[in-house]
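Labels for the chains are A, B and C, by order of writing; each one numbers its residues from 1.
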Amino acid sequence: MSRAKEKPEGAPRYAMTIDLDKCTGCGACMVACAVENNVPPAQSGANDRNGTTLMRVYAMSNKQAYPHAKQVFVPMTCQQCEDPPCETVCPQNAVEYDWTTGIVAQIPVRCLGCRYCMVACPYHARAFNWWDPTWPEGMEATLNPDISTRSRGTAEKCNFCHHRRQLARERAAHEDREMREDEYQPACVEACPVGAITFGNLEDPNSAVSKGFAKPEAFAFVEKLGTEPKIRYLSSQKWVHDMARSGVPGKEATNG
Amino acid sequence: MIVTRRHILKLLGGGAVGTIFSPIPWKLLRDSSVWTQNWSWLPVPQRGPVGSAYSACTLCPSGCGLKVRTIGGRPVLVNGISNTAWGKGGLCPAGTAIHQMPWHPGQLRSVKMRQADGRFMEAKLDVALAAVAAAIKGANGTVAILDGRPGRLISGAYREFLAGKGMIVQPPSVARSSMKVLRSLFKEDPGPLAIDVDQVKAVVSFAASVLENFGQPGLLQQSPKKIRTIQFEAIQSRTALKADQWVPIKPGTEREIALGLANLLLKKGYAANWDEEDRTALEKICAEWTPSKVFATSGVDEATLTSVANTMEIGSTVVVAGPDAVGGPLAIEAEASIQTLNLLLGSVGQAIKPVKIAADDPAFAAIDAVETKDLADVPAKSIEVLIIDMAMAGYALPWNLLADKLAPKALVVSLTPVLDDLAQHSQVVIPTALPFTTVQDIPGHPDFLRSVRMAQAFGAPADDALDPVDFLNRLGKILGINRDVTAADSLSELIEKQAEVLVNAKEGVVLQPKKDPADFDDIDEADELLKRFKRGACFVAAFGQIDTALKFSFDSLGKISDETKKHDFRMQLILTGGVERASLASRSPILSKVDQESGLNPFADGAHVNPETIANLALLPKKRWVVNTPEGSIRVQIRPDPTVPPGVILMSGAPNGPKPWDVANPVELASPGQKSWRIIPAVIKEA
Amino acid sequence: MDKTAISRGLQRAPLGQFLLWLGPWIALLAFGVYCAYLCLRYGLHLTNMDNRFAFGAWIFLDLTVIALGAGAFFTGFLLYILKRKELRAVINSAVTIGFICYSGAVVILMVDVGQPLRAWFTFWHPNVHSMLTEVTFCITCYLGVLAFEYIPILLKNRKLRQIPSFLVFEFNMHKVMYVLAGAGTFLSFFHQGSLGGLYGVLNGRPFVYRESFGIWPTTFFLFIVSAAAAGPSFILLTTWITSKVTKKRLVTQEVYESLGKISGYILIGYVLFKTIDTLVWISMTAPGMGVHPDSFFASKPGYTALHLLEVTIFGFLPMAIYMTKRLRSQIKWLVTAAVLTCLGIVVNRYILTIQTLALPTLPFDELLSYMPSWQETGAFLMVIAYGMIVYSLSFRYANLFPLERELQRN
């Protein structure tokens, strides 16, 4: 189900391209995301399965041996699907596709913490706050006032740093003009040291993102699920494209 | 009307139903959703006026520039500064969280001195200084300062302090940097050399982390023109993954490959305009390294070697090696052989140039007045007093390499903000300020540019944190040592002095964020330069001309310096991980996102060994094994990993577990007898 | 000592002995409450659930007990709507068990969700597209229905019925029992189905996604049928266990056989439906989502065996036993078949809740494992203990088995 038909006139649809040829797997995007969104450092006992990582970089290998082994690093975040599986399943309507931006919004104050949305999401984009957030003493001074801290018991996910869009639009409004597209960039896009992440408006055919989507080396993960994600990955390596089609490692994807 | 129970029930029932249709549930919904989100124990971000400031990162030698978003003067976000010559605005993960450092939970809050029973106790600064002064006064052996990051103003102060009576010890990763070794190949010292990245079209790298995550991330990737990279490396590091070509090599064969390439380049006439003597000397050394011999030694086949040689263009190709943040430098003869290629490529004078240092720059004071040595070349057991300043080094240094040089009752003093692994072995630990709490001068990476930035303070240092200049002043007062060029009450004063010198020298350019570069016609006063520094400016020294004769000495290419004793350690332990593994103590706890909450540290879970190797050694799957080296052992779990070269044990060179100052550190397996710990001879045995 | 509270003509153990029986269950209840308290006070990180295993042991066990507690609605339906009079012998027990199962499940859910104080938001912001909304509404309403059905059973206690208003209330309840039974059936039909629908609609998980009839995936219907099959079997099992523990005859053989036969007939439908559904999934649904079903467990081939077992040993076998008259006349075969049927429910719910989340959905995922922590286990044991206590008290003081008095006399 594509929502393009129902969106208001002139409204943007934000999307991302991530270049896997460039990504070095450094994790600067992960750190920048945590800093921007007031995500606390790992608690004792936290690991890669219960940590809050709204942006997370995975390593994907071609499963071959030395010296033919190859690897790419895949920054994975909420894919902002056009047909989000998490939206239909939330019992409290706490997840909503925002027609004015294309971002899948989460209402944290309404979230019950049932975690059904996390079961529904195939991209592991969602994290649950298993702990109350705590920072080392005094480090709360570095918290970003544009985002609240979340108590335990709610689910959360990337929302393309939507608060930055609010701020950019307010600033523009103060100056009596429209917000320019480049004034709104999520933290991860800014932080990537090699410029692997591009962000922009899919409704603008001249944006870098629109051009990226059209490239032959662009692909989405597990496209056959029909969620219509708005993140495209770029890779010049064929094995990466082949692997990305199937959700299960080790077996060639069927053509259905 | 008599009110009966029925009436009351009707009232209650009707009231209940009616409430559902009133606004009360909505209000309750709104209120309860807010207070279930705002329990009293949850931190509330403080508001305040939004501002921005500039600073520089102090966590590693790259010294990337930072733009800091502040709320009420408190730092909440940092970004890199682009469009400066120093990097393209990329920040590594550690730098991205540097603004949280002032609240690092490991911050040392008092001076510590080790008691007779071996435990650290809190001590008064005066007592500690008296002990250090007494040790210096009564020293029969060497008094040394281990400076992890020369080129800072404090480095000049250290030299003035020790002038004539002590030694500056350089960690091997500093002493054997690519440009230092290149410089040593000249018969006449051309002065400090640096790579001009704008002139580079191709990079041939021997295991250098040029495309890596840390230390100037994105420097090559964000370059306006495409820079081709060829990586010779035994393991498939991230640079090898991203390079245009990865050439797998047998571990430890960099020298042979370099000489093989040199052989081919000589045959192509690349040394045609050299002195006959030099060319003949080099030809003699390279003659035996024919492509087939190179193949037999290193596994690099003839076709690959030839094709790489053919892509190496005069003037625009640069060859780099240099120290690994965890594995340290290559042996001198390997590095020298590699740098010889730069001489053949004529890079010196084109893509590699000398930098002009201002004559009175306090950072370079007393260079000739103090003996400076590579730690590896210091005689064993000769140091009686050692002051360690490795807090901003960004390189790992195995303690036992240091320990080997210490006299039996040596006093070791560490100047550091957190109790890192070298401080753990010291007798006296004096806290210095954490990053972002004090003003500091930040020189850039010496291999690329001579530059100066200023790091600002966004909060106060711990009460007991000592300014290093103050440390030298107090010590000097007790010992009667006065400094001249670097006389000052604090580092800030020295920075002002340096600004004065730079403005008077009128050499170089001042790069500014979002503005055109300024030169010293615009900036004619020290105060103006300081003002620009505070607004994110970066002073960049001018490149000079190569005016020494292009005459070389190839003695250091000679035979292997490390003695290869016969031993049973037939496998090769390689420690990996980059800067992020070398300086765990100096990173914000938020880095646990990468370290603990993702799988991006794949080699921290044990010793990765190719299943072929395991089969060869007839190892059965068992829970615990021991990696034995000539220096010691470490217990590990074996992880069969077919991506690791056969015969190699690949481990993360970092302390295990989330605490950065855990003692079980594989880097400590480096043997003091070896000048290079890139490859540690090892073998795997049952626990 | 409490003889006056025990129904006339029924024999019960001395009070001391009864308290000795209750003792360990009360201790277990206390421990379980403590575990639940820990989770509420300190946070759900005390469980071994995580972002990949967002649903864990609690949801698995919840789904299982709700399916087993389906005996309440189904027996009611059979008795009051289809007029199967012999089931009057077990209807009280069935309702009690149903009440225990549902109230226990709701208590665990309140611990399982991160923000239990917001649980009622679903009623104010219902998402009509979500199966979980449907589950919430129906289970809440059905718990109410069960309460209304259970209270009269308690009120019929010898002491309590001496209070006139209770007697009047109970009598009035009895008049609307058919309405309650109908409402219960309707609600149960939907929530049993929606619990299955929870998984069948997940278009991000090829392992559980199924084709739909209208808006309802096949798992919706499969869950209803399996619950209907398990309900009578569980009643059979619990009745038999109770009679063994109390050493009394509680129902006639005819009742057992009737329960068995009903379960058997439904199992025929279930096995057939499930087989067809699985074949369609293997050949059409999963490949259409880009996954070959045989690759799900390529790294752990033993796991597919569980799917086969569910339909054969835990589906076809008990069905065969139930439908064979000769075997049906022997209580030991009936109980065996009942145990197998109930285990089939457990296996089915396990596959859907635990295995689904263990499986990769992205090419760089691994097959994960999960084991509940002691706090999770303890909290669930709280429900078991609660159930034993409530049932024991109900058996002692209320008349759960109307035939007991008659059978005792003979």
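Simple rule for what comes next: contacts are C-beta pairs under 8 Å (C-beta built on N, C-alpha and C of every residue); 3 or more make two chains touch, one makes a residue touch a chain.
Bear in mind the structure is a predicted one, so any value in this text is a computation, not a measurement.
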Comparison of B-C and A-C (more C-beta pairs in contact): A-C
Central subunit by CA centre of mass proxy: A
Inter-centroid spacing, chain B versus chain A (mean Cα positions, whole Å): 31
Centre distance in Å when chain A and chain C are each reduced to the mean of their C-alpha atoms: 39
Chain centre separation in whole Å, for chain C relative to chain B (CA means): 61
Overlap residues in chain C, where contacts from two or more other chains coincide: 115, 118, 121
Multi-partner residues of chain B (at least 2 other chains): 33, 36
Per-residue overlap in chain A, given as positions that touch at least 2 other chains: 46-47, 51, 58-59, 61, 110, 132, 151, 154
Chain C to chain B touching residues, read off their complex: 115, 117-118, 121, 124
Chain C to chain A touching residues, read off their complex: 43-45, 49-55, 112-115, 118-119, 121-122, 125-127, 129-133, 135-136, 198, 201-206, 287-292, 294-296, 298-299, 356-357, 359-366, 368
Residues of chain A that touch chain B when the two form their complex: 21-22, 24-28, 30-32, 34-36, 38-39, 41-42, 46-48, 51-53, 56-59, 61, 64-67, 69-73, 108-110, 132-145, 147-151, 154, 187, 190-195
Chain C partner contacts - residues on chain A that touch it in the complex: 43, 45-47, 49-51, 58-61, 74, 76, 85, 87-94, 110-116, 118-124, 126-132, 151-155, 221-227, 243-251, 253-254, 256
Contact footprint of chain C on chain B as seen in their complex: 25-26, 29, 32-33, 36
